[in-house]
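Per-chain numbering from 1; labels A, B, C and D assigned in written order.
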Amino acid sequence: MSTDGTTPNIQLGDYIVIQRQKYTKLQKFGSLDTTSTLGKETLELKSLLDQPYGSTFKMCVKETKTGKRGAQRQHTLELCSDTELRSTREVLGISSSGADNRDICDNGEAQALKSSDIEQLREACNESSKIIEKLVENSKTFHTRTEYSQEKYLLKKEKKYFEYVQIRQPTIRLMVDIFYRQDAEKIMGIRVDTLSQIISYSGVCGFGSYLLYESGTNGLLPAAMMNSIGAGTEGTLVHMHPGNVPQKQALLALKLPLEQQKRCVSVNLYSVLREFYQGNVAPSIDQTEVEAEETLPETPNEEQPEAVEPSTKKPKLDEAPLSGNNKGLLRWQIENKRASALMHGKFDSLVVAAKEHPSSILQALLPLVRPSRPVVVFSTCKELLQETYMELKTSGKVTALHVTSNWLRTYQILPNRTHPEVNMSGNSGYLLTGFTLK
Amino acid sequence: MSTDGTTPNIQLGDYIVIQRQKYTKLQKFGSLDTTSTLGKETLELKSLLDQPYGSTFKMCVKETKTGKRGAQRQHTLELCSDTELRSTREVLGISSSGADNRDICDNGEAQALKSSDIEQLREACNESSKIIEKLVENSKTFHTRTEYSQEKYLLKKEKKYFEYVQIRQPTIRLMVDIFYRQDAEKIMGIRVDTLSQIISYSGVCGFGSYLLYESGTNGLLPAAMMNSIGAGTEGTLVHMHPGNVPQKQALLALKLPLEQQKRCVSVNLYSVLREFYQGNVAPSIDQTEVEAEETLPETPNEEQPEAVEPSTKKPKLDEAPLSGNNKGLLRWQIENKRASALMHGKFDSLVVAAKEHPSSILQALLPLVRPSRPVVVFSTCKELLQETYMELKTSGKVTALHVTSNWLRTYQILPNRTHPEVNMSGNSGYLLTGFTLK
Amino acid sequence: MSFLKPKTHIEQGDIVILYLSVNSMHAIEAVPTIVNKKGETIQHIFQTNYGSLKVESIIGVEYGSRVELSKGWANVLQPTPELWTQTLPHRTQIIYTPDISMILHQLEVRPGAVVIESGTGSGSLSHYFLRALKPTGHLHTFDFHEARADQARDEFKRHGLAAFVTVYHRDVCNLGFSSELDGAADAVFLDLPAPDLAVPHAFKALKLSGGRFCSFSPCIEQSQRCIQELTKLGFNEICSMEVLQQESVIKTRSLPVVDLEFLKSPKTNETTAQTTPSAEESKTPKELKKYLTSSNPQTLPGHTGFLTFATLPPNIPKA
Amino acid sequence: MSFLKPKTHIEQGDIVILYLSVNSMHAIEAVPTIVNKKGETIQHIFQTNYGSLKVESIIGVEYGSRVELSKGWANVLQPTPELWTQTLPHRTQIIYTPDISMILHQLEVRPGAVVIESGTGSGSLSHYFLRALKPTGHLHTFDFHEARADQARDEFKRHGLAAFVTVYHRDVCNLGFSSELDGAADAVFLDLPAPDLAVPHAFKALKLSGGRFCSFSPCIEQSQRCIQELTKLGFNEICSMEVLQQESVIKTRSLPVVDLEFLKSPKTNETTAQTTPSAEESKTPKELKKYLTSSNPQTLPGHTGFLTFATLPPNIPKA
């Protein structure tokens, strides 16, 4: 979404979303040599440069290496027009289908092509529709299958041989899907519905000062909150984390304007609390040592190590009203002072998404929140929220307390085949919400 | 369901299900003077005698008493043919309906008839369709409403003025609906899906010897198990309860043949365990005193006090192989001895539905179950089953342990208006299931 | 004016949430006097289950404070869209926070977004859109019911949100969204009985660079027809879902634990003769153990509506 | 023969459930030898993840016992329909215990009942019907796929259930349930792609005294058409539902509890200089507390099928 209705172009250094059918992946387009791997396909990304986001590219086989796990193909990408994309079904013009499967015997000999034939075919043809056409031609049972069964077969084959990818600009919506699908634990199991409700219940928007503690979501939570705070607004976020350096991948992927980036202050929970309560503590080691340590993220993210680099290498400006003698301070100390100033000014909302028991964290952070402000606590463990609920209720400091979770049911809506999806995600996590009192 | 396909007739002493549209009620047809109250309508039941189950009767107003809560009407019942029952909508032949409700202003003055007019109309007309026709005629907005809104209005009015009742034979299916709707707590919150699964997981059927402990379900659980054990089979049930006398309403309502009734042995948990472990304990008080005490059920059921009488008044035969000197023993002592004999023979399944912590009950009863037999424990409190699960898992005496609960979603399926029902029951309770090991 | 941004003290004219308990809260306007049915200006007294509140007394009070009622007390909270949704005057069926949160997320609404909504209804969702898109975006909201559109327009003004919203009285199924909005929207939301009729208008209203679409329908047939239309017009990423929030009821329960072991050996005190089963029971050692438990409420929302989302890809020619 | 009634010891020919773990169990036939692909009679050795089992060794063993495998052990259980459903050879998609339990309950199946089922499929549901209706009732089960009907017939015989079931190879949508069954059934169950076509046959097959009907359909459109047909023929008490069972994963979790109070006052031991945020963390008092927790599995069954139930009232004329 861009405000002026034009589509921005893909730049070096951008995080991009690569989509192949329903599969999506977040990738840093770091240099012209960057490649990206989708299963057995490796894509050279250089031709993406300066093309508009939303474009579709055709995967063109450049070379095939035979590895241990079968053929690994290297592809270049070729920008293509949208009209090139047609439904394979339409192309093949399949029409005759059986009424039911009463005459099908499942003896594993339905496909006349051997797997070596198929592999050859694949190297020869560049178009998935041609490959699928051949497969259908050589299937003994395809035309006796029901239409439903044919469709299932074609979808399966299309998925395997589909040769187009679309490049999209990362958004919170696309990223939570990717992160949750790839490894939900890396975003603490925060499902899309729960994320959407954290944003609502916290009230985060273009006005106000917000406080977040999270123990590691690949940057998803601070990114979602900064996204709601918006560009060119007056909202600010203090983002507390338990680690050495904050996880910021999702935040970087949003490519926010610098003025907006500056309104997100990421600090270590313990360190900033000490700063807040005890004021200036003199630094006692040299910068080199710190930077060396800082390159180790709290939760090592092996898949996308690029995620961490920019946050540690890029210099960050300090805008908070400080006493002036910031020279000589380490970056984390400057950030601590900025956060501390915001903490003294108090917050308009508190969000806690902790792997730890939220109780002691709330005890430390609730005094920093103004009265009549929302509090949202996320945990995957209901038992912890139960205890926290009882403590808050007894304390009388927070009212309108609720513990909630969700069912998220997705539907297949197709003519004559409408039903809820056969599998559903079992865990939304739990939210404890309420409002602070004076 | 009768095995020979003929419909039995309604007899004095029967429990009957009275149905008025979707409302159902369990009622004992104790004598010809029995009346039954449905909201503001009182029905004289005498004309039901000897009519076949499944018949529909018309409510004919006999007199109207003006009470504190408006008019209370006394009705006689008149057997009527099925063809008399037509959809009110059809009778009224309503066709013109608005496309949407944009022009409806809700000012509370849509109905020209005053409530006193309606009351008069009601006494004059014996047919709900006539009353509704008048209401529709006098409604200023009915014909501008959407078809959906018209339908809703008609259904609401039909419900209020509907003048037919159907008399049905009680079955487990009808009773669990009635009990759950009227007061789910009286059947320990056992919902239909959970009941159905208790029956499945326990494996109760026409063969074998079954053990049930329940702390009060109006007789629903022993009735459901006896229903699955069946008439003319060799299955037996020992039904343990914590109270003075067992709750048996649902069991009596099934009107099982005597031979089948005898295969259900109801005993007090503590008393029968003492009998089992310590053998003959001499009775020391006279029978009169016991009977006086026995008429007090454990959980007083004020709505349907008839429920208890038959179990205390009706003599019960003893079939278990006893030492022969049963004369002089009180009925509960005879039952204890029969149950004790079955306990020594061990059981083919154990069902526990307890308000108490199931753990100590399982410890006492599990040794009475043969190896490779199902165990099913119901509780409304998941935390208790969690503890029990861990104990059983650690003990190694029960395998294939699962704790489950259900969502039960009912659907409205109507042309162009298909959706899950707007409200759903939140609690199925929890089941812990497993199989005993040697 | 209390919906624009977080504020600390109640000012005259603010909407204030009077919070009595989880099941009892009210939205009241912080004005010292009101006009009664007879047209007379009278003191603004608000009645609750815990007695009355002289509304004038809360002006100047800090949000989050406790205020005294004649027979009890309550807390005054600054309204949020969440609290407003639970207290607003219903002019129509409304959508609640769980669905709304998903709608905002899926429509990618953030400051600067231009959003089209139809119908306005009771303005429940509108308030969420406005929080998310202000101060740099704009909401265009349509209702075919004139009184409702007028009420909504007036409400947004009183809530301090007028600068970010335009309310239209218009039948969008037949007339579309007005040509000034062609290619202007980042997102379109429909809550209409026949959403399929409005899909072509949504298609026209979305930006050439693409955008997101959502339709909320209680019945599956509406979603089915809507999806047919979306597919025909080249929308993709079409998906339908339901979000059902369930609350956990948390309480400490005292649950009985029975001892049955003692039954295995004869009673030590045999002077009390064994009598009836019931006599047995009263002598049974039964202790109560406390558990912090969580359970579902008796009744849950079983269905609110089907949410259908779709993407209009960039650069689709619009004829 | 192990499906007829509860038994204590494994006899030759029994189907036995070899239970290794929650996710691993197998149904095996307790026979000392089997015939291999080449037609040779060989010793029956069963391979598991915990090594092999010489099947002959379990004959005569008490059900519920532990048996040794070459690399571990397992328990032998007598099959129940529940265990069978989890281990049977799938010839079709099958229905599982939560739906089946509701079907049996709603169809009011008990000993003596006459039940019609179509299609037979893999026989998962049939075994439940048979447990519920034997020894005095009868199951008539139909499948249009000849091999499946034959396999099912053979299976019921080997399971000791042949006396209570008749298996038909027949296309019931087009040909109905055979005229001998007219007015014979207490309950009819349909699991067919076009249940509406079989509803008139169900109507004919139910007793004059009435009976119960169930159709299981994965898609809502099938239920919609089925209900139209049921309504037309005078069925009542029509209702549709889904039953979704969710398992609770119970485990003891050790969860970190942090102490932040100490940060409010200067460190007592100031000899260790404060260095980096990370150095801070390593010195933070963090204890682990144990919780007995319950959670949902990552993936739940989101949909199995819609169950539609109806009653045929007594004395409906059938010509």
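Quick note on the criterion: a contact is a pair of C-beta atoms (placed from the backbone, for glycine too) under 8 Å apart; a residue touches a chain by one contact, two chains touch by 3 or more.
Here the structure is a predicted model, which is why all the values come from computation and not from measurement.
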Of B-C and B-D, whichever chain pair has more C-beta contact pairs: B-D
Centroid spacing, where centroids are CA-atom means, of chain A and chain B in whole angstrom: 51
Mean-CA-position distance for chain C and chain B (Å): 37
Between chain B and chain D, centroid-to-centroid distance (C-alpha), Å: 27
Geometric centre distance via CA averages, chain D-chain C, whole Å: 40
Sequence positions of chain A contacting 2 or more other chains: 382, 407, 409-410, 415, 418
Shared-contact residues (touching 2 or more other chains) in chain D: 220, 242, 246, 292, 294, 306
Chain contact graph, described as a line, ring, star, complete graph or other shape: ring
All chain pairs that touch each other: A-C, A-D, B-C, B-D
Chain B to chain D touching residues, read off their complex: 1-3, 5-7, 52-54, 82, 171-173, 192-193, 195-197, 199-201, 203, 205-208, 227-233, 348, 370-374, 382, 386-387, 389-390, 399-411, 413, 415, 418, 430, 435-438
Touching residues (chain side chain A, partner chain D) in the complex: 100, 102, 105, 184, 242-244, 267-271, 273-274, 277-278, 281, 283-285, 289-290, 293-294, 296, 298, 332, 355-357, 359-361, 363-364, 380-384, 409-410, 415-427
Contact set on chain C toward chain B in their complex: 144-145, 147, 171, 193, 218-222, 242, 246, 253, 255-261, 263-266, 273-278, 280-281, 284, 286, 289, 291-306
Sites on chain C touched by chain A in the complex: 4-6, 8, 19, 22, 25, 62-66, 75-78, 80-83, 97-98, 100-102, 104-106, 108, 110-113, 128, 131-132, 134-136, 183, 186-187, 207-212, 220, 223-224, 227, 239-248, 250, 252, 292, 294, 306, 308, 313-316
